[in-house]
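The following pair of complexes shares a single chain, chain A, combined with chain B in the former and chain C in the latter.
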Partner chain A sequence: MESRKEEFEATCNLFINSVSNYFKHLTEIDSDMKVPYLKESDGLVLKDFTGMIGISGSRQGFVYISANREMFADLINLFIGIEDPSEEDILDMAGEISNVVAGNVRANLGANFMISVPTVFEGMPEELNIPENVSMYVIPIKWNNHEAFVVLGLD
Partner chain B sequence: MKKRLLIVDDSSVMRRTIEKNLANYDMEIIGQAANGVEAVQMVMDKKPDVVTLDITMPEMDGIACLEEIMKINPETKVMIITALADKLTGLIALDRGARGFMYKPVNADDLSRAFDKLLKRDGE
Partner chain C sequence: MSESGKKVNESNWIVNLDKIEDSTRRNYFSVLPQEQMLMEFFSDAFVINKPKGRVGGDGYWLHSNGNDVYLALFTCVGEGHLASMMIRIYMNALKKMVDGYSIDFPGSILQFLHREVQARFKDKNNILLNTNANVGIVKLNTTSKAMEFAGANMDLLQVHRTGIKIITGEKSQVGETGEHRSSYTSISLENTKDSNFYLCSSGVFNLIGGPDFKKITTNQFGEFLRDRRKVAMSEQKSMTEQYLATWTGANRQNDDIMVIGFKA
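Entry: the complex of A and B
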């Protein structure tokens, strides 16, 4: 029987593959994954803009992708040719990439791995309901010279 | 006669990406909707021939929206474009009347291939 730790790591690998596929397929630029680490202390690792997805069903928790404005702006420019996107567009892009990365994991985990619509925010919101007792796995990534974090929190 | 296209996705960037990548097709984009409720209203008001439809959306999700669209006009050609990459979701969508199904992330080539098939299959 697969241990909880092995199960958690296997799930993390699904997210790593999902992020890699997103950037490769849409931008033809590979993303680099730095060494992932477990975050034990309280608080979130955040960049300027974040898209967060709630996870329910067979797993409980969340996943978010956080990056600075420039990374989301580069993606928007590649997709629709807007060089100076609005803040609304930046937040929209953060939500969409989080949605795609989380949704693609269902190819392996099935329909019981349920995801919410994205919650998007700039900076650190005053109110954010993060489940207690989750293990947070931080995956630092670099795409097109932009640094970002993919953070997976699972019960 | 130009086909009339409605684009439904809660992401504004995604809606504009689809619009841009389908610009070469002989279709008139009659509107965009950010959720299922808006989409159903636009289907009733504007009677599109083709709809691109996301699934994970607020207010009303894409599967419920698809069911409503099929009640209004079962001839509407609905192309699901979703991040939900499990087989069951795809089978449910096709069972409810979708004519095609794509997993995000979709690029310009993916959209072209899917729309070539969708429109060719119907002899258009």
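Entry: the complex of A and C
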């Protein structure tokens, strides 16, 4: 049981570090990780736009990064110089950050885990079902005055 | 903050996640013309579009004006979501040209694109995106079948009963933000009525595999197409998809792939 807890924490740290490095190295603006908490009630904690990655293998689950339009708009301005991003641009930016994080984590995860290509969506798709028996670990992040969530759910 | 979601007993969460439509993939494909639209202007045609990920940096544009039809394929540098954003920038620049300017020649269209993209990113320093693209553009007069081509780091493959001809584009890409000047020449094509033509993204020639674990050369690909010259374009499409998949084998697709085949 202890080893599963350690595995969960190690997986959490991989995602936390990956998101933190993304902001630090690519935007040169540090992000601030707030106190993580375990979410016990039903449902997901979502902002406006979300990139979600599926985890399978020895354990099932997901991780997602969710933020509001303004944060992705700031990233687009920084990366691409577009000051008036469209809805499509915002979604692509959510996909880009999820992709980079997924790629970094994939390179560091053990062979027992597989992670999917991120799926990007706005709001909460009706078709989205979350597996039973999943504990969700919510990590609030502040970057450039914007709040985002990294949420890890593993069975 | 909103809270929502339903719980299910799902044995494979990745499969479950795949049931949700990815919004970026939908947006990427919806900005491109439908393959059937090519059939309205060309006697036969196909499009192969296989992004490496959910979205890609390859796109194509189709426009008609009287008896003239314009077809462009562009490969934005990079891949994934940032390149997909550039696709929209190129499509919007072409829309701006159609709405506000009378530009006839393929070379002039490339010049316009180059200036538009260059102007858009002129004062943007330190951005993490390459704004360049390889572009090939064809103009066809649907009545006379007269055809012109201009390329920015992209060639046009012409397959005729007499052999394969590679119509070479200029070396410089479109949209480079440096100070260098680019000019693109429109080339008139011969034997247009009984030839097949192919525009290919650079990803086709980046695919690694085959018997010697190498990239496909333009000549190899041209020979493959020449041997199927008389086959209908729809069949050529599936044969080309199979050829590229066989070439790649067990290796991962390492770049976005787009091929457009057409007959005047």
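Rule of thumb we're sticking to: the second predicted complex is superposed on the first by the 147 of 155 C-alpha atoms of A that agree within 3 Å, B and C clash if a C-alpha of one lies under 4 Å from a C-alpha of the other, contacts with A are read in each partner's own complex, and residues count from 1 in each chain.
The rule we apply is simple: contacts are C-beta pairs under 8 Å (C-beta built on N, C-alpha and C of every residue); 3 or more make two chains touch, one makes a residue touch a chain.
Note that the coordinates shown come from a computational prediction; the quantities given were computed from them, not determined experimentally.
Peer 1: What does the overlay on chain A give for chain B and chain C, a clash or a fit?
Peer 2: Aligned on chain A, chain C clashes with chain B.
Peer 1: Between chain B and chain C, pick out the one touching the greater number of residues of chain A.
Peer 2: In the superposed model, C touches more residues of chain A.
Peer 1: Is A:Q60 in contact with chain B, with chain C, with both, or with neither (first, second, both, neither)?
Peer 2: After superposing on A, A:Q60 lies in contact with chain C but is clear of chain B.
Peer 1: Have a look at where A:A111 lands relative to chain B and chain C in the superposition and call it first, second, both or neither.
Peer 2: first
Peer 1: So, does A:E96 touch the first partner chain B, the second partner chain C, both, or neither?
Peer 2: Both partners, chain B and chain C.
Peer 1: Counting only touches as set out at the top, which of chain B and chain C does A:G81 meet: first, second, both, neither?
Peer 2: both
Peer 1: Check the residue A:H146 against both partner chains and state whether it touches chain B (first), chain C (second), both, or neither.
Peer 2: After superposing on A, A:H146 lies clear of both chain B and chain C.
Peer 1: Touching A:E127, do we find chain B (first), chain C (second), both, or neither?
Peer 2: Touch status of A:E127: second partner only.
Peer 1: Running through the overlay: 75-83, 93-101, 111-119 or 183-191 are the candidate stretches of chain C; which one clashes with chain B?
Peer 2: 75-83
Peer 1: Using the superposition on chain A as set up above, list the residues of chain A that contact both chain B and chain C.
Peer 2: Overlap of chain B and chain C footprints on chain A: residues 26, 76, 79-81, 88-89, 92-93, 95-96, 99, 116-117.
Peer 1: List the residues on chain A that touch chain B in their complex, please.
Peer 2: Residue list for chain A touching chain B: 21-22, 25-26, 76, 79-81, 88-89, 92-93, 95-96, 99-107, 109-111, 113, 115-117.
Peer 1: Touching chain A in the complex: which residues of chain C?
Peer 2: Residues in contact with chain A: 1-14, 16-24, 27, 31, 53-55, 80-82, 84-85, 88, 121, 124, 127-129.
Peer 1: Any idea which chain B residues touch chain A in the complex?
Peer 2: Per the touch definition, chain B meets chain A at residues 10-14, 16-17, 20, 56-58, 82-86, 88-89, 103-105, 107.
Peer 1: List the residues on chain A that touch chain C in their complex, please.
Peer 2: 26, 41-47, 52, 54-56, 60-62, 76, 78-82, 86, 88-89, 91-96, 99, 114, 116-125, 127-132, 134
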